[in-house]
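Notes for the one structure printed next.
By letter and in written order, the chains are A, B, C, D, E, F, G and H; residue numbering begins at 1 in each of them.
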Amino acid sequence: MSVKVFERPKALSDVIFHYCPGCTHGVIHRLVAEAIDELGVQGKTIGVASVGCSVLAYNYFNVDFQQAAHGRAPAVATGIKRCLPDRTVFTYQGDGDLASIGTAEIVHAAMRGENITVIFVNNAIYGMTGGQMAPTTLIGQSTTTSPGGRKPERAGRPIRMSEMLSQLEGAAYIARVSTHNAAQVARAKQAIKKAFQAQADKKGFAMVEVLSTCPTNWGMTPREALKWLEENMLPVYPLGELKTEPGLPEPSAVKTTVPTREVKTE
Amino acid sequence: MVRDSRQVKGGTSLDKKVAFDEDRCKGCELCIEACPKEIIHLAEHFNSKGFHPATVTAEDQAKCTTCLLCARMCPDTVIEIFRPDRVAR
Amino acid sequence: MTDLECVFAGFGGQGVMMMGQLLTYAAGMVEGKKVSYMPSYGPEMRGGTANCTVVIAAESVGSPVVTDPDAAVVMNQPSLEKFEPTVREGGVLIVNSSLIGLKAKRNDIRVVYVPANEIAVELGNDRVANMVALGALVEATEVVKLDSIVESLKKALPPHRHNLIPLNKTALDRGAEIVRRHAKEQVKD
Amino acid sequence: MAEQILMKGNEAIAEAAIRAGCRFFAGYPITPQNEIPEYMAKRLFEVGGTFIQAESEVSAINMVYGAAGAGTRAMTSSSSPGISLKQEGISYMAGAELPALVVNMVRAGPGLGGIQPAQGDYFQATKGGGHGDYRLLVFVPASVQETIDLAGQAFELAERYRNPVMILGDAVLGQMMEPVVLPEPADLAKIPQKTWATTGTGGTRRPNVINSLYLDAELCEKHNYKLQEKYRQMAEREVRYEEIGLDDAEIVLTAYGTSARVAISAMKRARSEGIKVGMIRPITAWPFPYEPFRKTSERVKAFLDIEMSAGQMIEDVRLAVQDRAPIFFFNRMGGMVPTPKAVLEEIRRIDHSVKGDKLGGRLGV
Amino acid sequence: MAEQILMKGNEAIAEAAIRAGCRFFAGYPITPQNEIPEYMAKRLFEVGGTFIQAESEVSAINMVYGAAGAGTRAMTSSSSPGISLKQEGISYMAGAELPALVVNMVRAGPGLGGIQPAQGDYFQATKGGGHGDYRLLVFVPASVQETIDLAGQAFELAERYRNPVMILGDAVLGQMMEPVVLPEPADLAKIPQKTWATTGTGGTRRPNVINSLYLDAELCEKHNYKLQEKYRQMAEREVRYEEIGLDDAEIVLTAYGTSARVAISAMKRARSEGIKVGMIRPITAWPFPYEPFRKTSERVKAFLDIEMSAGQMIEDVRLAVQDRAPIFFFNRMGGMVPTPKAVLEEIRRIDHSVKGDKLGGRLGV
Amino acid sequence: MSVKVFERPKALSDVIFHYCPGCTHGVIHRLVAEAIDELGVQGKTIGVASVGCSVLAYNYFNVDFQQAAHGRAPAVATGIKRCLPDRTVFTYQGDGDLASIGTAEIVHAAMRGENITVIFVNNAIYGMTGGQMAPTTLIGQSTTTSPGGRKPERAGRPIRMSEMLSQLEGAAYIARVSTHNAAQVARAKQAIKKAFQAQADKKGFAMVEVLSTCPTNWGMTPREALKWLEENMLPVYPLGELKTEPGLPEPSAVKTTVPTREVKTE
Amino acid sequence: MTDLECVFAGFGGQGVMMMGQLLTYAAGMVEGKKVSYMPSYGPEMRGGTANCTVVIAAESVGSPVVTDPDAAVVMNQPSLEKFEPTVREGGVLIVNSSLIGLKAKRNDIRVVYVPANEIAVELGNDRVANMVALGALVEATEVVKLDSIVESLKKALPPHRHNLIPLNKTALDRGAEIVRRHAKEQVKD
Amino acid sequence: MVRDSRQVKGGTSLDKKVAFDEDRCKGCELCIEACPKEIIHLAEHFNSKGFHPATVTAEDQAKCTTCLLCARMCPDTVIEIFRPDRVAR
């Protein structure tokens, strides 16, 4: 007899994602679902989908969902969380959504120390609308609105939201993780879980920035995209926990109420 | 680690360590990139969505160390991993 | 009748948009007819079907959106399923039989099966399958001259790619040929 | 209880909302409605609710979206420029069928304009300042008491139709004090359960989704037909207006809100001079009371529409009256309130003209 | 130079704007108008202009405010939800009397809606989506060539009246390709000097101020009267429309933009069946061509208004036609485009009914 | 014979401010005007007024002005500066304007390294609208929308915009100064001048946060207000230059084209 | 006539709003008339003039905004200048002669000069000047009973301030007295 | 420091070091707070705007060190400072 050691998490709906082949949005969805499963909060979780490739997230998670206007997910989450303080509320936002149009909303949710979890998917581009420049686009990176590469004198330099938000006292947990290989995915999972745990512990605002690929709009194969992320994004967006409120459990101590299907690999 | 004790449907547990839900696969090759044993490849045939799905030959199943790396990288949760009971303990 | 409403459909990557644009260019720019070209666009970035619509008119183009075309070119099976029912009675349906195993169900339209990919492979370049299909469409509808398409190709391709024009011309001809043969067969019937 | 108290319009609207079960307010300061958030900041926490001063009007309406989607009676308020910023959010709430109360205490525009009372946002409120085909139920109260009554009903109607409701007031309505009677606080337990709200599945039901996205055009059209059917029902059932002295009226004034108060003063003075003046006062600007206008138009000699705008409601009046009677127009703009005296003069002029003298009034059309 | 080229609507509008002297574009991506900013990103720097991808639509319209105030021909574009976010800024620009071009490639609403073509933002564009009494000159082109022609004129008219101009298109207009002839690039040196622009006093004149604030209500009213007078002039001079086959028409179709294209197809088919159909196609939605409707209404048997909305332009048609002829309505919503076939059927039904058969069509009123 | 050593700067219009007695907006206006005078840029300066008590700034400076929508001054300034790159463009914004509704605009102007000068008047309150809480309001500070004092669990903790914006690479010069005594006012002047100089040198985005009083809405006399600022705001908003691009001149080296009427006093 | 439209105006801090609110309360809450109170508000926070309008009606209040009041109380000179011209023919104007050196120009209205601040100082509290003026207004218009104002004071003041009521009552009376005296003097004229 | 050599209008330079543009003054006392010599006070009379304006008595003018602190603190640019020529050098 054998034992299933890896399967689809329950918080993920049984449908096929619309994402492009090799798009790491899918990986990040799974990690969020795993965290929800493991913390046993599926029945009391409310997700907030943003506008971006992940706009249909409400179809992919087996939890209540609200679809928010572009950039406004943190405001919508605030409205939900204040009315239902014992529920688990998270937003799932792209870099156009969070770092551009939604700048005010994310900054002020963090300032208020809003007790929510934010999953911030940074793929250095506007995926859904066909590959325009994001504030996170790298210098020299070609996009449809930065043809010939982003030029700092015209469009500035990449914004590091995690560093910026870490300046705010209301931010309890801020981490940057990546999806470019399995070891990093495992670390990303721990950070995401911790960000949900921070909410359970009423620590305040928690955000995980996840570096992600957009093979389609980067114009690469999915495998090339992983490499590109590692080689180009990591130097600009260093990984790690940027801010941790004292008292947040070490990853291993996070309470687990449903079977974990993870093993340590690194 | 708490184990999931459900039986694998449609196959004995010993001959299949890594299982692909073929119709979900988009042939992105991220699992191939991840597998340290280099046993995953894309099949010749198309699945219902028009992609060449990832697969591991019956012989290569044995080489699988159930390291989970492929499953962890798969964006479409195509992959399930099974471990012989004694290994999981 | 020189007025024609035509749909081109297939997988993204099959050169479906190119077919539409070439026909538009040939009719509008080379032959001076009134034309409009309308791509379909959707939220999916990769995969899925792509299609576009070309309307050609002697006088003026009304709606650029077409729901019951005079002709359709379907390059894959989902497109056959989607567009076969929409073709107007007496219209033309070009089916890429290389990728489509099914047969069309309608018998009030003219259906021509064109093994576009096979012919393209035969010609040494898989990517001219769309030209084969386009050649068939042009021959079947007679909406423009084949030469006008070749003319359009000259505009569409950058100068250093003009070496590909003979290949494309052959592909167009091969498609047209199938239609001509088909017509003869029908006469025989 | 039935005790009368003296209350400022802005505070009255806030207290009435709380008594109607409002437990969430998000807003951003702007004159002349600051007393609403300020009152909420004091009172809402006392009743176990939440007040948030949002970082902007855009954020405020989206917080209300979230709160309403979570099943809470929620509200926001602002004044003209701030309401413009909420247009995307209002369209979203209508699209996602979320109930809430939005208050606009209109000030002078366009642009930064001024902080004095005006009625230049009628089109925005009734025809759709946001994108797409949607409608708000728009109340246009003319007194503090009426504001209280309508604020009370707003939440119930918003929930019945799952649609945002707007109270369109102006700086006068917000700033003035009048004696009022407040209603008893609603019994929160008796508010109907919202089975569609996102409160967590509890593991016992399928997930609820609050959404306005329909990528498939056919589904999007279906959704739109559903919305339109709802608006049709609202138009059928929720029209409100007041008719004054129409029995023998030869000239019918029409105005809403503060203009209506002025019109009433003018009407009284005109009647005391023997001019037969009546009035139709819309209480809902959408759905607009076309019917009473249509009916009256057969038998009166003229209409006089009075607005603190360049003429917005007059389009609805014209749609109702058609060519059956002349429609005159009197307006002030930019924060100026018409005086009863000036309106009276206009009435006198129209009276002369309809009695056969030379046409003296300004024709609205 | 009268060379024909094949161009996509979105790219055509961008190129036409640049040729008309537009040297500043700020925008934010949104389907189905992304080709506009993308084209601008490529082309504008080549001609010495500036392209900025703003952080949001709100920011974009305010960048345009700044650029226009500094005397530059400036433009922004978006689609429905993004245009809603610009409403405050548009009201500000109208209030501060700044010329600029705003393009709305309308998609399905309300809320996030869908990305397919629709016409649900007519009210927003023509009646005022922002606050206060202001008007935009609203062009509703029906072909790529017309879009180019109108984009060319937009800046000139915007500057003549010191007022923003909107091009209200839809996803079809933006996405389709048609053969067009581009105009010669404007000679920038010949664009009239803007003495009011804030370019620095140079120490030689009194400071220029771009502003919409009038704290004194009387001044604010005066400013409003000035604006209204300007709008009156625009209404007098800038109405544009096309009349087709009205000479012998018994049924008059009316539609704008993509709907008009469909209507024309239907009209042709109907005429070939012997039904006497004509058409009035508004080219300016504001000012609306009331006059041709009024004139025609005396002698035709019916109107058929075709829209990709729940019925917005129809209010203007009704204001013009009044009770003089029945107005029928045919619509699709949510991203669906009406088919010529369906419109033709509607025409046939109306034809029967006006010929004395039972009334078959849906009455718009 | 005597010499005038202090007089009204020329860039200030000869009208009486509408500000309340003792409101330090007036001081800051004068400092900006002095900087404009001293750098000799009056004829090529374009100011952008925001919405707040300083909304009428266009009446107070003898330079071209645009009045911007609430929070959007940095966007308006961007539009102007990009079209007229050789002009001097500055915004004058309150804390409600810049740190609340205008968060996205200021962050992105800084990210783009927009070559403008921002005068940010932080008085920890919404002055114009009658004393509502600002994001910069101190914990415990009573305002009309934080009756009984700002509570962190409801409204978060004061936002430090200067620290936050310093994280952005496009920000060339960021300083925080104060107006609570004459020595600080002199320092404030130097910082403001430097922020204008940075623009002249095309260094990028420059912002001076000036701590300011609102005696009216703080409910104090103007003299009490200065003290309150010193005692309560300084601990939360430490003064100093937070960011200086190398190459920015030392204050003494700033080129002066009109007579300076200042003497060193500290 | 019991209907009255009245304006109170002066510097901020002179208790102008309080006068209006007390009159409103007295008429509406104590005597059961229809009332409305409308403050003017503006962008200036300090300094400048403040004013408010009270409308009292037997039946129903029409416009709460008043441009030609039946009565006006002006507590400082700018207010005199602004409101004197607006008072309706035959109306009443109460002028705080303590702070206003000028005389009113109109002779088609009844003007009463009340040295409100001086009387207040005499009564030992500068801040009751507004009560003196209000007393005068009430006496001159007879729109409510003075007792109703006193009644309203009880509601307006917190219980621990009720000790101030006698002082306020005296101030009201002193104002009223001046009007009565004025009336007699006018009879003499 | 470059000096402004314009003459003081309406007063000799020696008797007035600190001059107040009275009608601009709002009586806020920030100058009073600032003056190390404690020579500024509010006048008894009102100015045209209804404020008690700040002033320095004729005798106290002499005590003024022209340190500029009052002028620098004044929010309404009420104050001008004059320095005897020899001092300024």
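As a convention for this text, a contact is a pair of C-beta atoms (placed from the backbone, for glycine too) under 8 Å apart; a residue touches a chain by one contact, two chains touch by 3 or more.
As the structure is a computational prediction, the values presented were derived from the model and not from experiment.
Colleague: If we look at chain C and chain H, which chains touch each of them?
Modeller: A chain counts here if it touches both chain C and chain H, and no chain qualifies.
Colleague: Please find the two chains that have the most C-beta pairs touching each other.
Modeller: Among the chain pairs, D-E has the highest number of C-beta contacts.
Colleague: How many Å are there between the centre of chain B and the centre of chain C, using C-alpha atoms for each centre?
Modeller: Result: the chain centres lie 42 Å from each other.
Colleague: Can you give the whole-Å distance between the Cα centres of chain B and chain F?
Modeller: The mean C-alpha positions of chain B and chain F differ by 61 Å.
Colleague: Just the number, please: Cα centre separation of chain F and chain H in whole Å.
Modeller: That pair's centroid distance is 26 Å.
Colleague: If you average the CA atoms of chain A and of chain F, how far apart do the two points sit, in angstrom?
Modeller: Each chain's C-alpha centroid was found; their separation is 36 Å.
Colleague: Among all residues of chain E, which ones touch two or more of the remaining chains?
Modeller: Expected reply: 31, 52, 55-56, 58, 81, 88, 92, 96, 111-112, 115, 211-213, 215.
Colleague: Two or more other chains in contact with one residue: find those residues in chain H.
Modeller: 26, 49
Colleague: Show the residues in chain C shared as contacts by 2 or more other chains, in ascending order.
Modeller: In chain C, residues 42-43, 47 touch at least two other chains, as defined above.
Colleague: Once bound in the complex, which stretches of chain B touch chain A?
Modeller: 1-8, 13-14, 17, 23-24, 26-30, 32-34, 49, 51, 66-77, 79-85, 88
Colleague: Within their complex, state which residues of chain A touch chain D.
Modeller: Residue list for chain A touching chain D: 42-46, 48, 55-56, 58, 61-69, 72, 75-84, 87-88, 104-105, 107-108, 112.
Colleague: Once bound in the complex, which stretches of chain G touch chain D?
Modeller: It comes out as residues 21, 24-25, 28-29, 35-39, 41-43, 60-65, 67-68.
Colleague: Please give the residue numbers of chain A that touch chain F in the complex, ascending.
Modeller: Where chain A meets chain F, its residues are 100-104, 107-108, 111-114, 135, 152-153, 155-157, 159-160, 163-164, 167-170.
Colleague: Show me the residue ranges of chain D that touch chain G in the complex, using the header's touch definition.
Modeller: 4-6, 31-32, 115, 117, 171-172, 175-179, 258, 261-266, 268, 337, 339-341
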